Structures are given as structure tokens and as C-alpha cells.
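Here chain A shows up in two complexes: once beside chain B, once beside chain C.
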Partner chain A sequence: MAVYLFYFLVFPGLIFAAVTGAFLSWFDRKITARVQFRKGPPLLQPFYDFFKLLLVKETILPKQGSPFIFLAAPVFALFGATMSAVFILLPLFNIKSGFSGDLLVIFYLLTIPSFSYVAGSLASGNPLASVGGSREMKLIISYEMTFLLVIAGVIMKSSQNFDLYSVISAQQVSSPFIGSISGVLLFIVAVFCIQAKLGLVPFDMAEAETEINSGAFIEYSGVPYALIKLTKYIMFLALPAFLTGLLLNGFNLHGINILWAVLKLTGVVLLLTLIRNTNPRLKIKQAVSFFMIWMNLIAVIAIVLAYFGY
Partner chain B sequence: MGFKSYCFKKSLWVFHFGGASCNNCDIEILDCLTPRYDLERFGILLVGSIRHADVLLVNGSINRKDKDRLLELYQQAPKPILVVAIGACGCTGGIFAEGNTFAGPVDKIIPVDAYIPGCPPKPEAIIAGIVKLVKSLP
Partner chain C sequence: MSKKFLIPIGPYHPLQEEPELFKLYCDGEIVRDIKWETGYNHRGIEKLSESKTYDQVFFLVERICGICSTSHPFAFANAVEEIAAVEITDRTKYIRSIIGELERIHSHLLWVGLAGHFLGYNTVFMWAWKYREPILDLFEMITGNRNSYAMFKVGGVRRDIENRMIEPVTKILDDFKKKNDLLTGAVMDDPVIHARTKGVGVLSRQDIIDYAAVGPTARASGVAIDVRRDDPYAAYPLVNWKVITAEEGDVFAKAEVRLLEMYESISIIEQCLQGLRKEKEGDIQVKVNEIPEGIGTGRAEAPRGEVFHCVFSDGSNSPLRHKIRAPSYSNIATFKKSCIGQTISDATISLAAVDPCYCCTERLAAVYDSGSGRKLYNARELIGLSADRTSELRNKNDLK
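What follows is the complex of A and B.
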């Protein structure tokens, strides 16, 4: 029992994922600043932001709407993100626990934060928040199918293995899945899905700062907003780590290979940041057709190629 | 200096309220966020929702229509909130002070923590004002 609590709360769960994710989100902000020829925030900026929101600011509850769901949503989001981070990172660090690393469980846990944001925004009783919530909902509908297809492609390539442990070990005995045509296609599709799941720029229409004033999160302040920030930090670690496990042969924690693991993770985050800095925000309609038609098409092609062994 | 106030000082999120200004002050505020001055170095971010704000920047003269909105924004903001009046208009009324629709400088409506005079103040002056404000915090 105690060891599971340790997994959940300390390593590789809440504390580890939050701290690493906070550094990754600093990395994202710093690279953004460098792309715009700015200096960028100091290293500990994500921690300052989090503790300011958690300890200093007042929490305001909506008068209309449902305060209970409004407050419960960030808690659920944090729970989902932490749970998925634990289940992704346990196989990556090759820690054997009772959990077998089922890909579909991870897939469903990864959707909990997005759904909680939708619930929280609709409970806040703010018209702009409901616009943000409905956009988030449409975005979920469009990218989830694609993300499932990516996972299906990976399962296909690892000869019908449904768990992350054997997906990673299958890559480590032969070569990483990205070293083939279908692997490259799956990687491209997965990067766009992750971009949408993290709500980064081409797909940030749910919180569009300049347009609907951070939309889904407009009414959040103080502690609940701190929890949302924490969820975002954890997702910033969990999703790139998941991609590393699926296609880039995971982590190998012996000697110099630790450096490779860190490089892989930061490389994926760097790619996400560069996409976010070189693209304008899409309309929700464009995003839906982007995923529904083009990304699904590429994913299906990749699955067919994987079936024929390319 | 406690941990709490240290974090607060290191991460001031700014909400910009433009009253009936001539628009020059707005442009100077935006200048502070451009690569040349880059306020994100100090953790200062521009946010779109008053619920996330730690600093309320007010510029321009406040006329009768703005007055209610400014008061409402101040009440909606999560405390603690700092208010900074920017420009001659925000501090005293400036060239609009004699105007028919003028409803008083900012400090007649809400408490103000820092005044940054100038018409418009340079970005350097705005940054200097914010730095002085941060230093004066406990």
C-alpha cells in the first residue's frame, strides 16, 4: 500500500512530475522568448507563479453557475493528469508494479483533464467561458479519434502488444519505431495531437487569450487556478514522455543513456514549442477538419503501411 | 521578507484598463512587453482576465461611463491587487481634467498604489515605477 502511495505522490507521480513538468514549461517559455529575441523568464518562474496563486491570491466563486463543480473540476483534472503521469512513467523507468501498462487505460486517463476543463468552464456561468468550453469539447471530439489511431498504429507495429512495457522493450531489442516510414507518419500525427491536448498555439482556441480572454479559465482565481497550472505542468511532462515511450524507444537508464533520455524529452518539447511559435491560431472549424480529414488519413495510411511491414 | 510575498513579487500578472485615453499611454504600455524591454524577465505577464490579475494598470482619464466599470473591475479582482495609475491623465486628469464628462482621477474612485506621471511616460519610466512599487512591498 505504502509503495503505491509513494508511486502516486512522490516518484514518478505528483511531486516528480510536477517539478519536471514545471521545468519543461519554463523551457517552453524560454525558447518562446528566444524565438522572439527576448530574454525570457527566470528558471524558477513556474514555481513563483504556482505558489503565488496557491498561497497569496484570493479564491472567488461564481455567483451564478455551480460552485461545487467549479471547484471539483481542477481537482479531477489534477487527479487524471497525475494518474496518467504515473502510468506512463512507471513503464518508462521500467519499475515493475501491479499495473501492466495498458495503453487504453492511459489513453482514457489522459482525456480526464480536458473533460474537467469543459465541466469547470460550463459551471462558471460566464458566457466567454462557455464559448471556451464548447470549443474545447469540439477539439476533444476531433483529436481523440486521431490519437486512438496513433495508438492503434503503435500496437500494430509492436505485433499486437497492448501494454507500454512490451512496446518499449520491443523497440529496445530491435530499433525505435520512428525508424520506418509508418513510424515517421505516426510521429507527425502524434505531435499534432499532443499540441492540441496541451492547448498550445495552433489549437489554443479554447483559451484564446486575445479573443475570449483565456476562455475556459476566465473565472478561475487563486487555489483552483493554481491546481489548473499544476495540471498543465504535469501534462507537459506526461504527453511528451508518452510519445517518447510509444515511438522513440523510451528511456534507458544506464550511465550515459540518461542524457539521451533527457535529450529525447526536451527535443519533443522543443518541437512543440517551435510549432507553437511559428503558427497562428486556427479557427475551431479548421482544426476539426484538420484532424478529422487530414490527420486521420495520414494515421490510416501509417497503419496500412505498418501492416505491410514498412 | 516571507516566502509568500517573494513569490508574489516575482510573478506580477498585469491587467490593463484603458479609460478614455488618447491611446498614447496604451501604446507605451504595450512597448514594455515588446522584445526591447521584455517585462517577462521579471515574471510580468499581460493577462486577459481580471481574475488572474495582480496589478491593475489604469491609464487615460476616467469619464462618467468608465467610472462604474473601473469600480466593478476593482471589486471583481482577487485580492491582493495593486493599482497603478499611468500617465498624467491617470494621476490627475491631465488635459482632460476640465472636461465636461470627467469623473475624477483614478484615486478618487479606487485606492492607487503607484503613480507614474508623464504624457505619455516612457517605457523606462513605467518599468522604473513598477520596480519602485515592488521594492516598497513588505
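What follows is the complex of A and C.
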């Protein structure tokens, strides 16, 4: 029992994932700043942000709406993100092999933060938040199907293994899945799904600052907003790590290979950062058709190719 | 029947830098009606103007808008010179046009950056503003100020652009042209920008005429109105340039018009600099002894459209009545046409596309350290710092 609590709270769960994710989000912000001729934040800025919200800022509750759901949503989001980080990172660090079918559990756990944001924003009773919430909901509906297709493609490529550990070991025995046509296609689709899950440009319409004033999160302040920040840090580690496990043969933690693992993770984050810095925000309608038509099409083609062994 | 709800944009909102309130009455994502309230920034400039002398009014109208801070003095000078029947020298005309066109470049670049920001494309925002910096340096070199240049006076300009300045100015403009090519290419060829701006916020030719819109807003819908051509003033009749128009009337067309106008502005400045070589140095003002009784109107093409000043004089040293009309006043009325029926995402960029300017400035008197309460700089020291930078900039370009 104690060891599970350790997994959940310390390594690779809450504390480890949040700290690593915070550094990754710093990396994202620093690269963004350098691309835009700016200096960028100091290394510890994510922690300053978090502790300022947690300890200094006052928590204000909206007068209208439901305070219980409003406050419960960030907690649920944090739990979902932490659980998914544990299930993703345990097989990646070769600590525990997981169980058959954990890919689908991870898939469901990864959707919990997004659904919590929707619930929290609709509970706040703010018209701007309700627009943000409805956009987030449409976005979830459009990219979840695509993300599931990516996982299906990976399952197909790893000869019907339903757990992350076997997927990784299958790649480590032979070669990473990205080294094939279907693997490349799946990687492209997965990167866009992750971009949407993280709410980065071009899929940041749920919190579009210049349109609806941070939309879904407009009423959050103080401790609940600190939890949302923490959730975002954890997701910033969990999703790129999941992608590394699915298609880039995971981590190998022997000697110099640790550096290689870090490079893979930062490489994925760098790709996400560059996408978000070279695109304007899409409209929600465009995002829905982007995933529903084009990304689904590419994912299906990849699955068919994977079936024939390409 | 569906329930409409209100999405407020303002009084303080990341979309606009200035206080104003747009009320979008939405049905889901679709905007069904729009109302706006302005007047958060009223400063009584027309009334103030009546208590100032003609020389002081230039500094006052310059502060109507921080971005187009030359167009108002320009129009006011045209109006007063009409009353006094003054014919200014050619060198003055060239200098006035150079300042006016540099201002157009920096204002359009500012808009391109902001439009990028409104679309969530912060890289364009930062790059456009980075490229705008040499233009502001150029202003500082010529006039001593990055903004609010204090160049105009009745019958002339306050500072000369000496002939030895022409070469460094041309060099900076050449460098800028390369960067502008890059930026224009990045904006005009980006498929995602096309997807976001084409067919959005369309204003037809008839809408422009109905709402009396001016400037790039009108020119993007195929209405070729430009005060510089229609009612020539300063050096514009002396140089070759053309009025840029586009037919589509959407947000992309407005961006296109502004980006291409910058090239025209560069060409006008280059020709004016050539013109300066022919004129005698220091021949920058005509002596005006008194302003007679009468009414004068002055127009100038600001980056956002036509600026109109009407001055009533009773023969004293200050205006009896001074009426100002800024271009955004007529441009913002077009929101009724461009925003209704669009989604919220489209409506916000349509609001920004006319480059609305609600006329604001802020002044700084002293800087205090919030911890110790110690005074860090007073106004005089800040001005000293600014002057140091100007001379540094001039030294860098071998001007004294």
C-alpha cells in the first residue's frame, strides 16, 4: 500500500511529474521567447507562478453558479493528470510492467482534466467561461476519436499488445515504430492531438485571451488556479512522455542512454513549441473539421498501412 | 427561441489597448447584435485648444493620439495656413511628408503586430514590433523623439533634416525594406492566416459609402479615397506614388493594403529625400506675423484615414473654435456591418481590422521605488536619459 502511495505522491507521480513538467514548460516558454526576440523567464519562473497563486493570491468564488463543482473541478483534473502520469511513467522507467489494457485506462485518465475544465467553467456562471467551456467540449469531441485511432494504430503495430510496457519492449527489441511510414503518420497525428490536449496555439480557442479573456479559466484565482497550473505542468510531462513510449521506443536508463531519453522528451516539446509559434489560432469550426476529417483520415490510412506491415 | 447572452469586450480587455466597451449579443458562438460605448477617454481637447496660442495647440493636438501623432498637427497646420494664406517652402513640404510617411510605416507595422496577437500569432506580434524599432530610431535621429515629434509649426517645421542626414536615413530604410519583405511574405503566404482572415468581416463597396468609412478600411473594399491624392497637400503632388486598393473588403484585404502601403511610403520618403538635396538647407519656415480672422479647414491622411481639422479664428492669438474629426470616428460604425452574423472569433479580428484608435496618451512625472519609496528619476532626469540616447544614436550614424 505504502509503495502505491509513494508512486502516486512522489515518484513518478505528483511531485516528480510536476517538477519535471514545470521545467519542460519553462523550456517551452524560453524557446518561445527566443523565437520572438525576447529574453524569456528565469529557470524557476513556473515555481514562482505556482507558489504565488497558492500562497499569496486570494481565492475568489463567483457569486452565481455552483461553488462545489467549481472548486471540485481542479481537484479532479489534478487527480486525473497525476494518475495518468503514474501509469505512463511506471512502464517508461521500467519500474512496473502495468497490466493488460492499461493503454485504454491511460486514454481515459488523460481526458479527465479536459472534462474537469469544462465542468468547472460551466459551473462558474460567467458567459465568457461558458463560451470557453463549450469550445473545449467541441474540441474534446473532435480530437478524442483521433487520439484513440493513434493508440489503435500503435496496438496494431505492436502485434495486438494492449499494455504500454509491451509496446515499449516490442520497440526496444526491434526498432522504434516511427521508423516506418505508418509510424511517421501516427506521430504527426499524435503531435496535433497533444497540441490540442495541452491547449496550445493553434488549438487554444478554449482560453483565447484576445477573444474571450482566458475563457474557461476566467473565474479561477488563488488555490484552485494553482491546482490548474499544476495539472498543466503534469500534462506537459505526461503527454510527451506518452508519445515517447508509444512511438519513440521509450526510455533506456543505462549510462549515456539517459541523455538520449532526455533529448527525445525535449525534442517532442520543442516540436510542440515550434508549432505553437508558427501558427495563428484556428476557429473552433476549423479545428473540428481538421481533426474529424483530415487527422482521422491520416490515422486510418496509417492503421491500414500498419496492417500490411509498412 | 434561443436565448441571447452578452459577451462584453471592454472596458478593459486584452483585445484593445484602450478603454472602450463593445457589447456582443451572442447566440452560442454567433454574434447577433453589437453595441458599443466610447468616451472613456474624453479629455476636452477641443475646448483646451481655445485657451492655447496657435504655437501651443500643435503640442496639444499631437497628444490626441500617441501613434498617429503627426497627422493631427499636419491637419491643423493645413487649416491655419489656409486662414493665413501662407505658402510654405518646398523644403518644408518634403520634411513634412517624410515625417508623415515614416509615421504611416510605424503605425501600419504596429497594426500588423497587433493583428497577429489578436489571432494568437504572437511571433508575428513580436517580429513586427522588432522591425518597427529602426523606424522609431530614425524618428529619434531626425526629431529627437521616438513619438510626439514636435516638428510642426505655422508656416514651417521646427527642425531641418540636414543634407548629411540623408545618407544614414537611406541606409536604415534599405535595411528595413529587407526585413519588411520577410514580414510581408510571412503574413501573405501563410495558409493558416488565410484561413482565419479571408472572407471574414467583409465590407462591401456600398457599406463603405453608407458608413463613410475612410483610410485603409475603405481602400480595402475598392473605394480609392486618399486625401493625399484627392486634396493634395505638402509634397505629395511633387512625388510619384499610387493609391493601393484591394477589392475583397475582408480582414486579409485590409492587411494586404497596409502591407503594400508601407512600400509606397518608403518610395515617397526616398523621393522626398532626393527632393531635399535640391533645396537650400535651413529654408524651413515662412514668417507668419498674425493669423487673420477667418475659417480654415485642414485635412491630412493619417495611417487610419482622413483627419479633419476646422479652425475658426477671430484674429487673436488663439483659435476661437477648433473642431477635430478623427478617422476612427467613422470607421468604428462599420462594425454593424462587419461583425453581425460572424462567430466571436471572427468578430474580434473584424473589430481590430479597422485599427481603431480611441485617442489615448499617458504621461510620466516621476518613478518611485515601491519598496523604499525612494525617488528614482524625476521628469528632468528622464528627459536627460532620453537626450543621451538620442545623441548616442546620432553619433552612431556619424551625425555630430
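Everything that follows uses one rule, which is that the second predicted complex is superposed on the first by the 305 of 310 C-alpha atoms of A that agree within 3 Å, B and C clash if a C-alpha of one lies under 4 Å from a C-alpha of the other, contacts with A are read in each partner's own complex, and residues count from 1 in each chain.
Going forward, contacts are C-beta pairs under 8 Å (C-beta built on N, C-alpha and C of every residue); 3 or more make two chains touch, one makes a residue touch a chain.
No experiment lies behind these values; they were computed from the predicted model shown.
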Touched partner set for A:P280, first chain B, second chain C, both or neither: second
First, second, both or neither for A:R34, with chain B first and chain C second: neither
Which of chain B and chain C A:K96 touches, first, second, both or neither: neither
Touching partner for A:P202 - first (chain B), second (chain C), both, neither: second
Contacts of A:I60 with chain B and chain C, given as first, second, both or neither: first
Contacts of A:P127 with chain B and chain C, given as first, second, both or neither: second
Touched partner set for A:E219, first chain B, second chain C, both or neither: first
Partner chain(s) touched by A:Y48 [first = chain B, second = chain C, both, neither]: first
Contact residues common to both interfaces of chain A (with chain B and with chain C): 36-38, 209-210, 213
In the complex, chain B residues that touch chain A: 3-8, 10-11, 35, 38, 40-41, 43, 47-49, 51-52, 54, 76, 78-80
Touching residues on chain C, where the partner in the complex is chain A: 5-7, 13-15, 26, 28-29, 116-127, 130, 190, 192-193, 195-196, 343-346, 348
Contact footprint of chain B on chain A as seen in their complex: 29, 33, 36-42, 44-45, 47-49, 51-52, 55-60, 209-210, 213-214, 217-222, 225
Chain A to chain C touching residues, read off their complex: 32, 35-38, 127-128, 130-131, 134-135, 201-202, 204-205, 208-213, 277-286
